[in-house]
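The letters A, B and C name the chains in turn, as written, and every chain counts its residues from 1.
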Amino acid sequence: MNGPCIRFAGTSKFYGDVLGVMGVNLTINPGVTGLLGPNGAGKSTLIKLASGLLCPDQGDVFIGDRSTWGNSRLGFQIGYLPDGDALPDFMTGRRFVSHLLRFHGEGVRSARQRAETVLERVDLSQAANRRIRTYSKGMRQRLKLAQALAHDPQVLILDEPLAGLDPVGRRDVMALIRQAGEKGRTVLVSSHILHEVEAMTDQVALMRHGRLIASGRIPELRSGLQKQPFRIRLHVDRSRRLAAMLMECEDVIGVHVPRATYLDLETHSPEKAIEFLTGIAARGEACIHELGVEDQGLEAVFRYTVDR
Amino acid sequence: MTDRVPERLNSEYRRYTGPIRSRRFLAWWPITRTELTTRVFRWRYILLYLVAFGPLLFREAILYARFVIAPVQIRLMNEMTSSGMSRLMLWDQLDFYSDYLEDRVLWLFLLLATAVLGVPMVARDLRTRAWEIYFSRSIGRMDYFLGKFAAIFLVLFTLTWGGALSLYLSTSLLGPDADFFLHNLGWLFPLTLYSALLCGFLALGALAFGTLSENGLLLAGSWLGLFFIAFCIARVLRWVRPDGAFDWIDPKYLLMEASAAIHGHASTSGFPTWVSFLLLGFLTVISLLILAHFLRRQKEGIG
Amino acid sequence: MTAHHEASNVVPGESIVVKGLTVEYGKISALNNLDLAFPRGCVGLLGPNGAGKSSTLKAILGFVRPVAGRIHIFGIDAVRKRRTVRRRIGYMPERDTHLAGLTGFRAVSLAGELSGLPRNEAYMRAHEVLQYTGLGEARYRSVEGYSTGMRQRVKLAQALIHDPPLLFLDEPTNGLDPEGREEMLTLIQDLTRNHHKDVILSTHILHDAEAVVDWVAILREGRLVGAGPIQDILPESQPLFRVRISGDPATLRKTLAHFGISGELDSRGSGLLSLPAGAGPRLLFQAASTASACIHDLRQHRPGLEEAFFHALDEKTEKTQ
């Protein structure tokens, strides 16, 4: 069963005179969504609004069909991984997680069991008996993740979930997030590291100066940038022959031959061009060794929309 | 506000070809200088400094009145002798100057200054992990502590020793005795010794105390609290033993006893002199031990 | 396309040589008999948490005294001549370290003075270095009020103030937004390529490391498990193709199997596929066409730093250079 949608309806939040976010209309569907933007764009404001820590000055924020602010049951629905570092140093990891589970109404034994499961999932079983004071940065991050996952919430709101983790941890947590998305949970991930967000999901929301400037799937966002045609780079055997064939294809706007065995073609509709290419390669009319649509990933989208 | 950098002009990296000074003995001075200029000389402490100069100005005023404003002399002398402040009139005795160093208001300032300026110095650096930056420079651990110590020591020493010295100079310049200055130059020795002892003891204690926690405010309060508790306990015990046998619990009395011994005047406390020096030495050793322990902890805790 | 790493980028000579280094904190052994020689140029020091990266660094900087072993930096004994060595290293700490209550400018110039620069030179150079790392007017404000990006810039500035030949950068892109990361990486590249500084970069983000370093050392549990130019420590692999194919996953799976192509595709159709012996890319196109799918991306898979890293970690035995 899929998780509920997070919906921002004309949300604005100001800190005195300073703008947090303004007029955000955004729906976050089940699956993983990346929240991106430069520092100061309003990402953490949006995250705190979604997790019920802030009250919107204007508009509203809904999870499912209930508003987030003043919703005492919100904590059961969402798992929040905060950005800061406020863990109770004097407790052991295991006790911290099982305490939080008790808050959710679990019995003593079942809380302990669930704590055990989630600690194992984040690879903290061995360190769980030590006090949090002795934890390294990566371990604290994993503990924060554990407390967000412990009660198996339908909605996950994660603020920089990979911060402080070593490459092994990053790989594991990215897989964990992907899995949660595939199981139908609604996951909102805020991160600065574009290629990692790209590895986790296709859906992104981009912010800048407190406003939402784009949201949707990366390929769609990219094709929405009409001014920038797509470039498909091919590594072929005989470029001139293929170039001639491509000129006849109506979707291709331009063809360049930078080197003997390379070919760049420009198009506004890469899907059609790709179809065409797959066809001719399959039929053996051209021998294509490599092909790739350049400039179409998240980095391109980010650069052309946010980075003006 | 992004992390992005606006247009940069002339942002080439330049190699450094200038001199590198290997200041073995003064490597700590930049630390002291920075502490003084950025923390000590701040407008917010104006009230503290006004309090500090009170005793000095008071005594200078007495000298001025005594020597310059003639008619006031006699009346003032009579009034003061009757009110028991006889020592203040003895400008031709060492007691006048050492009395300044034992002044209660000055003592209060010293405590406040060490609490506000001295104790949080290292605590603040612990909080911001400045250790990592300091020790990737070419300075040693001793340079760091010496620099911090010198900062607080200089503040205290300027007021104590500087004040006594200025009183001495005032008497030399304003007083009737033309040879006063050269005659009594020997007094500078005990005055300096005691000032150094007083300020050194407090500065070292404050520095060591500051290594105990990251929370500068808590430590400052605790520092003052310790002295206050000692004061209270001594007071209570004085009520029990009026002869002052337990006065040594109050650090002020310890120092006054030391001052009496160094300056050679009679002591007003009820315990023997050697107790004072023993305890002062003991407390100094404790401060040094705390510092040593801190250094050992840091060996493992950085990074 | 991933960058190709050529060994020719590595300048001959060594910056730091570590022999038999053993570091212990009480009973815990952080580094165990480590032998490592960092070449000149831009190198990466990688490893999971607890591998001993920060202990190595602490030993090199003299924060901690090793139980055994020798460290030589440009030929100087780092354990005995700590101050001399520190003049030659610039350290950019990972965590939020700063000198409290000072403005950015004051902090950097104090750092310069403590490294032996005369006061005037320290002031002038502080301005230059802050300009270089991109801290503008903010340098006159207290460091306490800085954003993460600005703090990173100040840390880099105080590492550069005394113009050391060797820089140790610990997570330099920590907390920076995408533009900030790009700026930082550009600065690092500028320092290594144009100003011939030796840089040792320690980071968890392999992508960043791959963009700037030519040589890596990988630590695990206090031991060296891999060291060398990136392509030297890559695992051996048969030719693989990284593809992205759109189309119905079930049909695709059947068709690929039918054509003898092995490999897994994820929900978006991306994955690594390997072809039967003797087959060329055309087979992939045929398979796609048969399954009414299109190939969006097809590249020969050249393993990068990430593969090298995980491969090295999986090895049980210690690798020598």
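Rule of thumb we're sticking to: a residue touches a chain if its C-beta (ideal position, glycine included) is under 8 Å from a C-beta of that chain, and two chains touch if they have at least 3 such contacts.
Since this is a predicted model, take the numbers as computed values, not measurements.
Engineer: Where the centre of all protein Cα atoms falls, which chain's Cα centre is nearest to that point?
Structural biologist: Nearest to the common C-alpha centre lies chain C.
Engineer: Measuring centre to centre, with centres taken as mean CA positions, what chain is farthest from subunit B?
Structural biologist: A
Engineer: Quick one: subunit B and subunit C, Cα centre-to-centre, how many Å?
Structural biologist: One centre to the other, that is 49 Å.
Engineer: Indicate the whole-number Å distance between the mean C-alpha point of subunit A and the mean C-alpha point of subunit C.
Structural biologist: 24
Engineer: Averaged over CA atoms, how far is the centre of subunit A from the centre of subunit B? Could you give it in whole Å?
Structural biologist: The computed centroid separation for subunit A versus subunit B comes out at 58 Å.
Engineer: Hunt down the residues of subunit B that sit against at least two other chains at once, touch-wise.
Structural biologist: Subunit B, residues with two or more chain partners: 1-4.
Engineer: Of all residues in subunit C, which are in touch with two or more distinct other chains?
Structural biologist: Expected reply: 147-149, 176-177, 179-180.
Engineer: Mark out which residues of subunit A touch at least two other chains, giving numbers and ranges.
Structural biologist: Answer for subunit A, listing residues that touch two or more other chains: 38-40.
Engineer: Taking the complex as given, what residues does subunit A use to touch subunit C?
Structural biologist: 36-40, 136-139, 163-171, 182, 192-196, 202, 270-271, 274-275, 277-279, 281-284, 287-293, 299, 302, 307
Engineer: Taking the complex as given, what residues does subunit C use to touch subunit B?
Structural biologist: Per the touch definition, subunit C meets subunit B at residues 25-26, 54, 57-58, 61-65, 82-84, 86-87, 89-91, 93-102, 106-107, 110-111, 113-119, 121, 125, 128-129, 131-132, 134, 136, 147-150, 152, 158-160, 162-163, 176-177, 179-180, 183, 190-191, 194-195.
Engineer: Can you tell me which positions in subunit C touch subunit A when the two form their complex?
Structural biologist: Subunit C residues touching subunit A: 1, 46-51, 147-149, 174-181, 204-207, 267-268, 280-282, 285-286, 288-290, 293-300, 306, 309-310, 313.
Engineer: Which stretch or stretches of subunit B touch subunit C in the complex?
Structural biologist: These residues of subunit B touch subunit C: 1-6, 8, 10-16, 18-23, 27, 30-31, 34, 38-39, 124-125, 127-140, 299-300, 302-303.
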